[in-house]
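Input: a single structure, listed below in structure tokens.
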Amino acid sequence: MLIVMFYIAITAEAMTAALAAGRRNMDWFGVCLIACVTALGGGTLRDIMLDHYPLFWVRNPYVLLLVCGAALLTIPLARLVDRLKWPFLLLDALGLTVFTVIGCNIGIEAGVHPIIVIVAGMVTGTAGGIFRDVLCNDIPLIFQGELYATVSMVAGVIYFLGISAGLPADLMAIPAMAIGFALRVTAIALKWEMPKFVFDRNMRK
Amino acid sequence: MLIVMFYIAITAEAMTAALAAGRRNMDWFGVCLIACVTALGGGTLRDIMLDHYPLFWVRNPYVLLLVCGAALLTIPLARLVDRLKWPFLLLDALGLTVFTVIGCNIGIEAGVHPIIVIVAGMVTGTAGGIFRDVLCNDIPLIFQGELYATVSMVAGVIYFLGISAGLPADLMAIPAMAIGFALRVTAIALKWEMPKFVFDRNMRK
Amino acid sequence: MLIVMFYIAITAEAMTAALAAGRRNMDWFGVCLIACVTALGGGTLRDIMLDHYPLFWVRNPYVLLLVCGAALLTIPLARLVDRLKWPFLLLDALGLTVFTVIGCNIGIEAGVHPIIVIVAGMVTGTAGGIFRDVLCNDIPLIFQGELYATVSMVAGVIYFLGISAGLPADLMAIPAMAIGFALRVTAIALKWEMPKFVFDRNMRK
């Protein structure tokens, strides 16, 4: 089940990333690359940080074809995809929690410290979007107040606590993802935001 | 022969990267770093992705001296280098195909899936320029329509198909590089461009 | 002693990075992430380049808590931290030399070529600030003429020459850091700058 959701999430991430590339007037290669970096960048960074080789897409390269295919398919369907804003926000929230749980799993298998397990989940869930924004020459969106990394952390903590308590991983994935998903959707609906640190050096002058 | 062309290509990449740094008024250290990242960044990313250690410039550190020397030498010669636009475009096209063939070779040696072999070639050929543009705070040039990554893919596919057909690697490098080189030069001369995905969300409002 | 100075330097780096994030109006998560990337990014890149696993903060995850704690503590204390400009410049100079010596040490332990030992020190000392500026969407400050990477190189060379001459590492760390620190502080005080490479292609047209 996690694997099916993983492929759905990766496809959705690729399509929204393709739209971001289209807003920057990138060519088809740029569209594919932004899609790959966004959909696969988080997992790649996690694997490199944990020395977890071969990288997941080196082991299963068809995921690259899936991502590039979804990205290129987005080009003729751009208006439709853009209009389906809510479905894609839901798919993105799903992806965030699926990526987080998968990242935590790999951390647990690697036998790292609980803090690193949570970090592995957060990196998997959020780093792709940061890479996308750096390549598109934006300040990463995730730093602008959206409740995104926090959702990943909450889902990761719930998942890890359950596993530590001896519950089976398959079972724990469900509440971790459900709570993370609900938190993310509520945050979007109610416009919850992280507090910001606004520091203007010139204010005092 | 491939090794000689590799050193020529790295030197040329370092010199054009130094010009890019000069346009941003960077200091001498910045010039060296941009040159290293541009000339060596693609191969480094490939080695990290394939867990291919030690990195090629850790094994042969004199390549760092070559790149920094070429970059610093560009400073007094800037006007000359800039005027030699066509020779440097040709050297850059050469570099693209040399890097691609070397990257594919390392992928083949690592025994990865054919898709990853092609990706290893493309990463080696193109990632350095992307890093350069990110550090110079530009949207990467390679996403703006130039036929660059495509050339790398074509050269990689030709090379890999030949090797798979049992032809010796030394032999196959020649047509792969020649076709890639001819394609790139033709694309520049005829201003061939990748189609772009232009998506303006506000158009419909 | 080196370890105590390492923790002091990491804390200071985290606090100045938090101010940089605040100037960009980032949220609390962004503040923590910028602080982690700035304080730990150089060491992480060095470890990945040298295949030196597990990464230092994966082995000792409490350093992540220290960095995030220092970054969040900076939010209520922002005006105070900003006013303490000189103490923080001194701490930053200390950090640069401490990071450099630690990086060289890891290079020496890994048995790499002397050039790579110096590069490992420079990457440890300077890459974090480059990552911070890329994420904040600036052209990295370090390329703008500050005598920063040069200081790291000088400290690294002194340290490595001493070790190579058979002097004990603990002993050599002191003059390497002292000279690097003095050089950096002098450079700030006297506004020494690296020469810049200013190349304006349009000047000739």
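Note that the chains are named A, B and C in the order they appear, and that numbering of residues resets to 1 at the start of each chain.
To be clear about the criterion, a contact is a pair of C-beta atoms (placed from the backbone, for glycine too) under 8 Å apart; a residue touches a chain by one contact, two chains touch by 3 or more.
Going by UniProt, the chains are A, B, C = Membrane protein.
All of these numbers come straight from a predicted model, not from anything done at the bench.
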{"item": "Angle, in degrees to the nearest 5, of the Cα rotation that carries chain B onto chain C", "value": "120"}
{"item": "Same-site or different-site touching of chain A by its copy chain C, using the half cut", "value": "different"}
{"item": "Mean-CA-position distance for chain C and chain A (Å)", "value": "29"}
{"item": "Overlap residues in chain A, where contacts from two or more other chains coincide", "value": "48, 134, 137"}
{"item": "Chain B residues within the chain C interface of the complex", "value": "18-19, 21-31, 33-34, 44, 48, 53-55, 58, 61-62, 64-65, 75, 78-79, 82, 134-137"}
{"item": "Chain A partner contacts - residues on chain B that touch it in the complex", "value": "48-51, 112-113, 115-116, 119, 130, 134, 137-140, 142-146, 148-150, 193-201, 204"}
